């Protein structure tokens, strides 16, 4: 299990593009927003938390298809399925690897981009907290979506369409925490709900993902 | 010795610290890589001179 | 002696090894004198307080950030037209130096901006252009790293540098059109009226000289490294073939 | 048609073959031989004009070459006919029927290339040569994945092409039963030379 | 040349994912923005043109690596280079095919998404015009970036990094046309400049792209 | 080790071979023959467990097979050593040195796979077999692009594998010089059957 995690992390760092692409994308999005929206600091400050959350979500979305697809193509997934590890565990580990290579760096990068987007000083802490709490849910839900679509033609397109609606609650609460925090308001309720979503997905999604994998490997 | 920097001391000193840090870092990295390659190249040249007579 | 003698790697190694200590020593001297002068022995500005001392890092770094790109552009052109390897390698050697200067200008500017404008970052045209310049540097360096074959990398990065320069100028105008800024205009002009006071001016000139010389020294050193790296790779290849 | 004098070719900046001389006349088929990694692919790519030689002369009128490499440029999601017709149109040729016939692809015309077996797919890649209308074929291991019958089919089409005034130069490890010329590349292996540009040698 | 265009269009429609993904992405982005930023109509109306332009640009960016990479991998690019068509022409045609499958549908889709984002009525016309005039430049610049990075490891990541700064002027003028149009202001100058960029890239980029391709095929 | 009875295999929903019987014992090497498109690839994929047979029995203990197809699963951006070590680790094996030695890859260890010649790359794909530690090798046209010396190298490693109690089953068009068994697939061509599931036949 730890070996699998290690291997996935090494592959993510080594294999071209996959790892950095999400981060680069996040950066690109944040740098571009002012060019599109205009340079007014107050408008930027108003939308900064939401934009950063959307950027984080999209970066996750774009790297989802790598969770299982590459292993499926080269047959490693068959071997893993017959190996003495439960597929539920494989799903958790794969989601964890995805989070470590996407969600975590995004969370760490976010404050820097917050500066560029004139995020109010009060917002930095809550932005990081909301991303740290919320991105695991993105990875777990994404792993389920990836398991559903593994081995399909047009998998990438289908995956986005399937996962998008599932992401909406996480996005709403996460952006709410960040936005209200930046505005100096109370964030208790959305933060609790966000944490609830993360905990809930952690409890349920691995089973759903494993079931989807079993069907797709048949 | 230290000049009076007033209320902006933190800004000025951090600006100097960061900049000098970056510059020194660049210089050290450049020197280190130069030395490493110089030695590696000398080694290979000596070796090939020996085998080629 | 013709300038093109530098294009011969052997001559370049000889000349640069003689030149390097002088350039490096001189640049160190200028930097030490200029920065100590600026930091310890200049008064505070009546408006900006002690933050004016940041100018001794900010302005030279900003100047050299742009000039480094110009030098890379010229070197790329020389490579494309006359195919002198040293020129391509000098462009490669200059890029990380230019990027460091850009980052220094950005960071000192951001630190300066906090007390002066009340914000770390504003989408001021000059600041924005520098951010874009930093992205260009990053792309250029990444391109060199990504291509394994030296000549191919030199060709590709040269094309990138040419096209990038056109777009960098275009971006500069686009950004100006897009937003009027907070940043002050050029104050090193010859017009005495606009210039910063002499007390700040003289140490600043020394610092600029220091940065120019430091750029030269670093480029010489790093070009020597790159030449050796090429030769080393070729030698190892031959060893493997034999 | 093609005359090569003292050519040195490099891959990845490393010279692999030097001093190669060869001539090709209309009607000739020349087979390049040599162990894996000697530089057959590199030489063919250079002759086809895809990369410049490090030194030496390659004399040939322009636009004579049809090149086929290790990967055959077949689009997996297009059908056999669509693949061929595309290349026919790019090269300004009209009729693809003779090519389909020569490589026994008539039963497969509506099949998408991804649903071909490896050998069928290779036959499609070779049929492409016939729709280029180019006189010099340059072929890199054309018979990969082909069974004995298909190899004969291929040899016959090369012979027909040469008989019609064309020429072919190919790299292959197996015996085609062609009565063509053979050039062994082993003697041309580049060893003395360090790098393609000579830049690295100009030291002390 | 027309054959090449036809083939590329057929491939784009037929080959899984590639074609629709950009559009789906555009849609996703626009739908998510209200969730992230919050539902206030005036904020949305203010940022709508900019967001739509950024969305269009990102969709282009994501589909760029298909311009040359697939043809390079299966050897078609070698064959095209030896065919009696100039590589400059190939670059133009490829950029055109990319535009027809990405920029054009985006332009047509944009008004619908404008409704979702409370774009002021005055803005629709200018949004479509700015996208129609500006997206060709995105495809042309993108083709150059794709030619530079064809056959590289980490090509995808590098491609975004290289192309992003090149996109800045187009984005600025395009978003300006859309924003000022939506605000009922005069759009003459930025529109002329945008058209100038498109014309300039059309004149120059194919040569740069062909040069990069020649180098990469070597 | 492997026993196949009355197997029917399909590709793209179309049955291509039916009634195939074969047995493989430890120490045996079995060569599958047949013209292009007969269904060798499809059969091997079925035996390797990559797709289910339409009907018939395949008896084999689990986790015995190492499969190599037309595309050799080599990652272009990893070096030779990295490619091999990755697979060794996936299969829980330690030492890759014997595999490097058996396929003469020692001089290329630091080379990225994309900078190998076609034959060198194929040798790397074959070396992968030796680091799986699996007893049954299933090989689809393993000798593509290999020169004569490399083919001998490959044959020797198959023989060594069989001598050590392994087994191999391979599809190839050329003669390897192995004293193994040969199975011609031509008699098993599926003609009577309409579709894989039998659903479409259950009409009128």
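Labels A, B, C, D, E and F are assigned to the chains in the order they are written; within every chain, residues are numbered from 1.
Keep in mind that, in the parts below, contacts are C-beta pairs under 8 Å (C-beta built on N, C-alpha and C of every residue); 3 or more make two chains touch, one makes a residue touch a chain.
In this text, all values refer to a predicted model and were calculated from it rather than measured experimentally.
When the C-beta pairs in contact are tallied for A-C and for D-E, the bigger tally goes to D-E.
Closest chain to the protein centre (all Cα atoms averaged), using per-chain Cα means: E. Its C-alpha atoms superposed on subunit E, subunit A is turned by 180 degrees; the angle is given in steps of 5.
Both subunit D and subunit F derive from one sequence, and where they touch, over half of the residue numbers involved are common to the two copies. Comparing the centres of all chains, each the average of its CA atoms, the largest separation from subunit A belongs to D. Centre to centre, using the average C-alpha position, subunit A and subunit F are separated by 39 Å. With centres taken as mean Cα positions, subunit F sits 56 Å from subunit C. Work out the mean CA point of subunit D and of subunit F, and you get 28 Å between them.
Subunit C and subunit D have Cα centroids lying 48 Å from one another. Within subunit D, contacts with two or more other chains are made by residues 12, 70.
In subunit B, no residue touches two or more other chains.
Within subunit E, residues 152-155, 161, 164, 168, 172, 218 each touch two or more of the remaining chains. Residues 16-17, 20-21, 24-25, 28-29, 31-33, 35-38, 43, 46-47, 49-51, 53-54, 57-58, 61-62, 152-157, 160-161, 164, 167-168, 171-172, 175, 179 of subunit E touch subunit A in their complex. If you check the complex, the residues on subunit C that touch subunit F are 148, 240.
Taken in their complex, subunit E has these residues touching subunit C: 144, 148-149, 152-155, 158, 161-162, 164-166, 168-169, 172-173, 176, 189-190, 193, 197, 204, 208, 211-212, 215-216, 218. Residues of subunit D that touch subunit C in their complex: 12-14, 190-191, 194-197, 199-204. Subunit F contributes residues 11-12, 34-37, 39, 41, 70, 115-120, 123, 141, 144-150, 173-174 to its touches with subunit D in the complex.
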